[in-house]
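The next part holds the structures, each set out as structure tokens.
In what comes next, subunit A is part of two complexes: it sits with subunit B in the first one and with subunit C in the second one.
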Partner chain A sequence: MPSPSYAEIRDFIVSAAPNAAARAAAGGVDDLHLLNAGVVDSLGFVNLLAAIEERFGIEIDLGDADPDEFLTVGGLARCAAAVARGDGAAHGG
Partner chain B sequence: MSRYSVASLIDAFCQSADRYPERTALEVAGQSFTYADLEARAAALASALLRAEGAAGGEAQPVVAFLGYRSLGAYVSVLGVLAAGKGYVPLNPNFPLARTRTMLALSRCATLVASPEAAEVLHGVLADAPRPLTVICLEGLDAGTLRAAYPRHRFATPCDGDSAAAPTRIDRDAVARVSPDGTAYLLFTSGSTGVPKGVPVSHGNAASYVSYVVPRYGFAPTDRFSQAFDMTFDLSVHDMFVCWASGAALVSVPHAAVMAPAKLIRDARLTVWFSVPSVIMFMQRLRTLRPASLPDLRISLFCGEPLLERWADAWQQAAPNSIVENVYGPTEATIAISHYRWDPVRERNRCANGVVPIGTIFATQTGMIVGADGAAATRGQPGELWLSGSQVTRGYLDNPEKTAQQFVSRASDPRVWYRTGDMVVEDEDGVMQYLGRVDNQVQVNGYRVELQEIDEVLRHASGNDSAMAVAWPLEAGRADSVYAFLCAPPATDTAAIIRQCESVLPGYMVPKAIFLIGDMPLNANGKIDRAALARSVGELISAKS
Partner chain C sequence: MVSVDCVPQGEVSWTDDLTAAYVAGVHDAGNPYFDFLFGDAETATRVLRSWVRRSSSEVALERSHVALADDGATLAAGYVLLPAEELRRCRSADLMALLTARGTVPRDVLRQRLEATRGLFTTAEPGDWYLSKVWVHPSLRSRGLARDVLADILGRAAERGARRVCLDVHEEREAAVRLYRRAGFTIAERRTASGGGLAYLSMHRATDAPTARSDAGQA
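== the complex of A and B ==
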């Protein structure tokens, strides 16, 4: 099975976090900060991460990633896509 | 050895500013400030506050509010207000405007210090303030524009007047005159009537805490402290003033990093960490807590919610050079009043239900466990924890009824005891284990919450008296979320009720979902059975999804 693309994962995040699209600026959702914009709280973020892992069959290890990076829609999608490709700091499932 | 002692929070800061003027006192938003830098800014603000108070006429104000969040301005506000001999009232611009207005009104503050990150909320506060305010605008806020927009209020800046004459040092004589009975800070905790309860904490209360804690842990000027707690939470007072009393550097943790701080702890070379225990859970779930990954930490403290044994173990493995302690205390007894040092080898059998004990009361304070019959409990018998001593505050702001309920005396004992409402049990060595709340107060994500306060907001928002909030999943008095039940028709617009809750309650108190039911379950006394409702939440969530 081909690994999911960045866009696929980003679209999944937006669908799993219904507030995301509504709270994004006109420029799009990529730079939307999930925590600061109130899309999810801490627990919601953990649940979102678990949903991505389950949906794409991967284990995301955020290791040394910068929270300001992985807490944006685009940043989280990039982390997950890198894992799915096998070149992230994590493990494909 | 002479006994370490400070007279007040501002005295603690000034002692270090005298000894270490060129050492780093604060790192925030990528900038670093020495003790001398911070003192100069605090002195200028204190001077501006006193000048503005004089210009406004009227009586001297005991407390001053500030509106700011994790910024230089917020820290300068705390120090400046204390340097002016007043108590501070922290207001978080990220809280709902209605709650901020309520806190400002309850505090009766006539003066507000505003930091630029609060500009938007400041407009909301000024537009509907019940009375004219004096607003001190910190650097980055345009006092002229505000003055033109809100002519009813007075505006000033720390730079007004003769800037060359602005003081750069906090007046040490004024610091020496600070009364131990005066208010150092006023915080609000969740109240069962739907209105937050104000807890004034005196300079003497806070000084007792700092004087005990600094020598106990052997903090040093070379330490680098985390500042993760929100300033509306009294554990932030520990972050700031135990650090500054030690001549150490305080590192403000950005909001996003509070959840996953491993990278920040390493990059900022922190040696002291203090947070709620659930941070460990988040780090584990994000896979950022690895063995030996935090080698620089030497002191790790956790407070605000039960510390699970497995979390303490994971943290100890990640920070092998650190002591790990569980500390406990209500706001009414000033920050924390008991501690327990985690020792995974020796002490594991002390953990009941997988929760690390809250330990023993500070050597300078007194605790007593009172059984249901009102008599002191014997070892092994559960009871409510009562506290007495120099850290125990005098009661609630303008609330003699609640004060009389919670701050009590016993026959032939002149001391005042604070009834914590926390159930504990003591083992044969006097180590206390936390069992939960006597009433309906719970910890939600580390914040103390009275469920009755949410009930009240729900009733108002829904126009329906049959509304009840529950904390779920509840374990040892701690929960992740709040859910609500409402006796109402299936077509009821629950989203609108939640939106209304969001406008008056902080996020952690807003119900995640409202379940519509036909009848409320009743217990044997005919009262609504909150526990039965809570037990049904899991099933209802599954059914919904």
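== the complex of A and C ==
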């Protein structure tokens, strides 16, 4: 099975966090900060991580990740896509 | 004689001993929640040791208010007082730090514990300042120090334009609850967690009432 693309994962994040699109600036959701924009709270973010892992069969290890990166929609999608490709800071499940 | 002498924020020379004393105070003040969230006292202490050195943490050394004992070398008491928005940012940052720290709490376990304690603490609103991690060194308790610290807190909150001071206190800390009530705090709600047997009282107090204040240091 091919690895999910960045776009697929980003779209999943937006669908899993329904108010993300509404809170995004006109330029799109990629730079939307999930916590600062109030899309999810801290627990919601942990749940979102779990949902991504379950949906795409990966395990995201944030141990070396930068919160300023993975807390945006685009950053989190990039992080998860890298994991899915097998070249991220974590491993595919 | 023991008196409160709050050191201005950012002007404490944080030696290893003072830092360890601060971590111990914060750990005690944050329990039983901390030990439930982190799993045990040892892990909690280890995490807090790293958090106090992170500027984005609720319990960052630079964010703390502490009082020195009369010897000038012993931490007598401490607290954290933050506006609602800053508190929210700090707590989010602390959770992210926990998520990115290997060897602490596995994420699935952390998720369960966060779910179990969701809604345990009050949500401060804009204009509120939130008081947390109030502690007095065990050897200096029962001498009226906590009352002086609280007077310092309320004076500081009023100076900063706080509309209200909010806090959550573990319901079994009866002396603390009595102290807060005497200072004009009222119990707004009793909140419980579905795990860990935790029950906290949400208390608040408007800051427009006159407050007796000690001549404590200014931030």
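Please note the rule applied: the second predicted complex is superposed on the first by the 93 of 93 C-alpha atoms of A that agree within 3 Å, B and C clash if a C-alpha of one lies under 4 Å from a C-alpha of the other, contacts with A are read in each partner's own complex, and residues count from 1 in each chain.
As a working rule, a residue touches a chain if its C-beta (ideal position, glycine included) is under 8 Å from a C-beta of that chain, and two chains touch if they have at least 3 such contacts.
On a predicted model such as this, the values are computed, not experimentally measured, just so you know.
Visitor: Specify the outcome, clash or fit, for subunit B and subunit C once both structures are aligned onto subunit A.
Guide: clash
Visitor: Is A:N19 touching anything from subunit B or subunit C once the two structures are fitted on A? First, second, both or neither.
Guide: neither
Visitor: So, does A:S42 touch the first partner subunit B, the second partner subunit C, both, or neither?
Guide: Both partners.
Visitor: In the overlay, answer first, second, both or neither for which of subunit B and subunit C A:G63 touches.
Guide: both
Visitor: Per the contact definition in the header, classify A:H33: touching subunit B only (first), subunit C only (second), both, or neither.
Guide: first
Visitor: Counting only touches as set out at the top, which of subunit B and subunit C does A:S3 meet: first, second, both, neither?
Guide: Neither partner.
Visitor: Identify which of subunit B and subunit C touches the larger number of residues of subunit A.
Guide: With both complexes superposed on chain A, more residues of subunit A are touched by B.
Visitor: Which subunit A residues are contacted by subunit C in one complex and by subunit B in the other?
Guide: On subunit A, the residues that contact subunit B in one structure and subunit C in the other are 35-36, 41-43, 45-46, 49-50, 61-65, 67, 71.
Visitor: Which bits of subunit A are touching subunit B when the two form their complex?
Guide: Interface residues on subunit A, with respect to subunit B: 33, 35-36, 38, 41-43, 45-46, 49-50, 59-68, 71, 90.
Visitor: Over in the complex, which subunit C residues touch subunit A? Could you list them?
Guide: Those in contact with subunit A are residues 89, 91-93, 95-96, 99-102, 107-108, 110-111, 114-115, 118.
Visitor: Across the complex, what residues on subunit A touch subunit C?
Guide: 35-36, 41-43, 45-47, 49-50, 61-65, 67, 71
Visitor: Which subunit B residues qualify as touching subunit A in the complex?
Guide: Touch residues, subunit B against subunit A: 254-257, 259-260, 262-264, 278, 282, 285-288, 290, 445, 480-481, 507-508.
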